[in-house]
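The structure's right below; bear with me while I get my questions together.
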Amino acid sequence: MSLHIGVDVGGTKVLAAEVDPDGTVLRTARRSTPGRRVDTALVEQALTEAVAEVAGGRPVDGVGLAAAGFVDAAGERVMFAPHLPWQGEDVRARLEERWGTPVALDNDANCAVLAEATLGAGRGVADVVLVTMGTGIGGALVLDGRVRRGRNGMAGEFGHAQVVPEGRPCECGGAGCWEQYASGNALVRHARARIGAEPTVLEQACDGDPETLTGPMVTDAAVRGDRVALGAFASVGDWLGVGVANLVAALDPDLVVIGGGVSAAGDLLLEPARRALARSLVGAAHRDVPQVVRARFGPEAGVVGGAILARDAEHRAGRIWS
Amino acid sequence: MSLHIGVDVGGTKVLAAEVDPDGTVLRTARRSTPGRRVDTALVEQALTEAVAEVAGGRPVDGVGLAAAGFVDAAGERVMFAPHLPWQGEDVRARLEERWGTPVALDNDANCAVLAEATLGAGRGVADVVLVTMGTGIGGALVLDGRVRRGRNGMAGEFGHAQVVPEGRPCECGGAGCWEQYASGNALVRHARARIGAEPTVLEQACDGDPETLTGPMVTDAAVRGDRVALGAFASVGDWLGVGVANLVAALDPDLVVIGGGVSAAGDLLLEPARRALARSLVGAAHRDVPQVVRARFGPEAGVVGGAILARDAEHRAGRIWS
Amino acid sequence: MSLHIGVDVGGTKVLAAEVDPDGTVLRTARRSTPGRRVDTALVEQALTEAVAEVAGGRPVDGVGLAAAGFVDAAGERVMFAPHLPWQGEDVRARLEERWGTPVALDNDANCAVLAEATLGAGRGVADVVLVTMGTGIGGALVLDGRVRRGRNGMAGEFGHAQVVPEGRPCECGGAGCWEQYASGNALVRHARARIGAEPTVLEQACDGDPETLTGPMVTDAAVRGDRVALGAFASVGDWLGVGVANLVAALDPDLVVIGGGVSAAGDLLLEPARRALARSLVGAAHRDVPQVVRARFGPEAGVVGGAILARDAEHRAGRIWS
Amino acid sequence: MSLHIGVDVGGTKVLAAEVDPDGTVLRTARRSTPGRRVDTALVEQALTEAVAEVAGGRPVDGVGLAAAGFVDAAGERVMFAPHLPWQGEDVRARLEERWGTPVALDNDANCAVLAEATLGAGRGVADVVLVTMGTGIGGALVLDGRVRRGRNGMAGEFGHAQVVPEGRPCECGGAGCWEQYASGNALVRHARARIGAEPTVLEQACDGDPETLTGPMVTDAAVRGDRVALGAFASVGDWLGVGVANLVAALDPDLVVIGGGVSAAGDLLLEPARRALARSLVGAAHRDVPQVVRARFGPEAGVVGGAILARDAEHRAGRIWS
């Protein structure tokens, strides 16, 4: 049996995994990421160790890297990453040479959409929009069964669409970006603002210090029916649906998949989003409104997508070479 | 030489044209459209007459219809059109049978983007976003050289993205839609609101009755340096650029083409749009920001695109059948 | 016992009433208002008849008119009224002469705040902000125990503060006015948009035709726990609180009184408003946040205020003359 | 001749001044303010020294303190001040006892409006709205010739009216506050965002580092016709006018006075504000739209107002006692 390894190169950790063709993760290895202001050799060493640990001496048929940063349109370089040291290095070729095995590279959102469209919630669907809601919003597109990367490899930056004129400033330098209203940060901000003003179990959860509140605390409280937490999900979910309606109006896709950490809340998030989509989408009465579903793959979306990327690359290479 | 005819089926008139392979319009015929509340036979009769007049007895190799309405994903039916009587009729097959010549059908924005991507401002470019600014905003996408139609044939409805929460109500039933701020209607509304409040040549242009003001009057005044008219273009152009930035963030295309009646103003509209794009687009410093250019084809975009559609259909059919 | 008559001169009807010093309405008479495009003599005749009917032959000590329109700062003229024919006529002196009894005049919101501050929810309070929520928003101020009328007699036009940039167009010619979001019209608009999209008793209430939906239907449904109706009150109440916070920040009053037809819903409206006030008001932790209470006088606010106005005028006149 | 001293107790410095009855500053003394986290005795010592220096051994008839913080409704205590150590101390009585001379106390905006209404731009006018535009927005009201302080002494907090839903977060904990769009900070933010994107003299002014840009640099550049600087004033001035329209709709005052550091730009700021007021004010055609003028007193508004406060207090005391 062939061995393909997916590697999620995140801002705080590297996760490598052997993934079988059905998307099952068989074996993993983890290293912490040494940060942005270090030599790139340190990150590449961490990757090498993690891949070697997963391989355990077996020959590797291919590695697919899912990087948390901008990858160029050719899938060769990491141009910029907020928490990694690469700045334009030819990461793919460099590691392919070092490891002596085919390496493929893409950004993490594109790997995640590949996982969903191939083996997950979007299996068998031609056009899939993926929105990942974590601290901020990420996104990716599969159209006609292929990941759409764009001229600069930067397609899918949905989170920075301006949805509020003169709105909240965003780390990107803009203001009123979608991710300021529909993200884990927005969820926590909403909940935090109500602590002290209304009775809520969140007060205990954060020991009276709203600054220590986290997204998972809000999710837990919402599951238990806490009114403040449900209110935060109602707001964030509504904004999710409004932004999804904008994407559906532009692309008319078959399916919308919601991933990322906040999607763990399931229908607490998705129900208000579906309502807002039905309300906001132009011509909703004249069309099939696409379903909005939760992603199949959670924190493993990157490694599964990476492994698929590795398999596809081999396949494509095979077709060309043979 | 083969004869392909493009037909623009608009809300107020039908324009049929013989178009040569370079996009030159050789011969045209016009009929008025009888409105929405009539028998579909009347519209089809008007189309038949216009096509026959252009043909002038010559055999026709194919007709391409550019319809101002929703065309289904298969390109067979006009599902709904605000100013035409069709409601789901199988227009393509019906006219093909009636005329005894291959007929192709798409909506007008898709025909326009086909014209631009094939022979116009986007010639030779893989990924083109077309935004047409007329009374409202229309749009269409070419990705990887093919018009992207979407699951329901409704891709490209950019004008109804919500850009202002709780904003201006839109005819679509929503509120805060992009076309409420970036359109010919918005242009006129802006200018109208200033008449009487500031000195402007528009006061004379509309004989003191702001209700009679039109978009072309505002364009003329802006060309002559009128401050009120320039202010209206500055606002509408800025909003154009903000919305274009949202599309570019999502799709990372090669080129953005601006068509529709308001685009006749050229840089008066496009310069503020380019500035807003540069200001609003995420990661502008790390990417090739796509050019924003004026469409090549003005009022003839529909017939040129229709004729290309007819030629392409023949070509595709040829490949399948032979 | 003295006889003071208050008259509410509304857009559709005239209501005259004998009101005792405690604010109890003893006897009323009603006439319909003949509209805007008639001779002013017709309206004045209707007023005369209504006052005569209430008097029933007894001598009248004073009449106070509460007019639904702009009354000048001196309380002499109705400058403009959307549904009445007066346009600057010296209504007060004209009717005083005709009736041979002292007449006082103010707009209806000022009469309502006078009623509330003197005998109603604001009794004994120095500074009262009144917000009346009917079709739109009206308002009036009592500061240091006196109605504040302003340079043009136009103080209290709270409903046309801009709270949404580029927001919903308003009948006043502006856009994004507060009353577009916090009013009976906004309540109905919200509810209407959900009919057909969610199960709601409103569907039956309006016999399936959302256009026939009225504010009282929404209130009834909300009282019965209907989720769509409650959602409409949540939105309108939230906006009410946001606008009230703006007024409290500017004026730091003792009390906020909410009147008008929508206030009949009581806490369904006021609770979300109080929450929004607590959330939005600057320095809420460092101040006494004023209470937000329902007006005592409903549809009788105008006649009660008018009668108080008549009594006060007599009192002031007495002080001057004697 | 009597000696009344006004003292401006600001966040960074104390300015004491002898002011004659015409508002002319005759003699000043300055001390730096020791900050918030010190003993209140240190600030009171600085005040004592500054007052003593101005007095120069002469008997003092009264001192008026203009404090940059919340002063209670009775004018006795500084409840809270972002840059001063007082937190509810009975500052007025304490200093009156220490100095053996009558002391009066109010916040700086109230002192400024007193200066303007008594001796400045609002001399002889009954109802004056003062908006001070510095880093943020401050405000104060004179109605019927008296400073309106409100239940908590907190009237005039115009800067924290919400004008953008889901807008820019504000230091007050709210979001979308007026001062986020109409203030010195907003001016600088606007200009900063354009540096590098358009040619501007500001690039040189700040030596290529937009972070060092200041409000006065933007004003200087605007005076010299710099397009980026003028654009920043156009935006901030427009927002000023929109907010002023909201205040005028509520209060219908005689006059609006604009003070604070940004008002040094004069018509560069006031012209766009006047245009926005005329455009946004409800019923502008049916009323006297109040004039919007620049304050007479700049950085001396506090000491002049303080001295007037001292004189008034003596006067009121005299009436009571004699």
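Lettered A, B, C and D in written order, each chain numbered from 1.
Everything below uses one rule, namely that contacts are C-beta pairs under 8 Å (C-beta built on N, C-alpha and C of every residue); 3 or more make two chains touch, one makes a residue touch a chain.
The UniProt protein names, listed by chain, are A, B, C, D = ROK family protein.
Fair warning: this is a prediction, and the values are worked out from it, not measured in the lab.
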Subject >> Third chains touching both subunit D (ROK family protein) and subunit C (ROK family protein) >> reply: A, B
Subject >> C-alpha-based rotation, subunit A (ROK family protein) on subunit D (ROK family protein), 0 to 180 degrees, nearest 5 >> reply: 180
Original post:
Quick one: which chain's Cα centre is the longest way from subunit B (ROK family protein)'s?
Top reply: D
**OP:** Averaging only over C-alpha atoms, locate the centres of subunit B (ROK family protein) and subunit C (ROK family protein) and give their separation in whole Å.
**Re:** 49
Subject >> Chain centre separation (subunit A (ROK family protein), subunit C (ROK family protein); CA means) in Å >> reply: 53
Original post:
Hey, what residues on subunit C (ROK family protein) touch two or more of the other chains?
Top reply: 164-166, 193
Original post:
Of all residues in subunit D (ROK family protein), which touch subunit B (ROK family protein) in the complex?
Top reply: 165-166, 193, 197-198, 275, 278-279
Original post:
Which residues, counting only subunit A (ROK family protein), touch subunit D (ROK family protein) once they are in their complex?
Top reply: 164-169, 175-176, 181, 193
**OP:** Enumerate the contact residues on subunit C (ROK family protein) facing subunit D (ROK family protein) in the complex.
**Re:** 70, 79-80, 127, 139, 141, 143, 148-158, 160-165, 172, 174, 177, 242, 245-247, 249-254, 280, 282-283, 286-288, 290
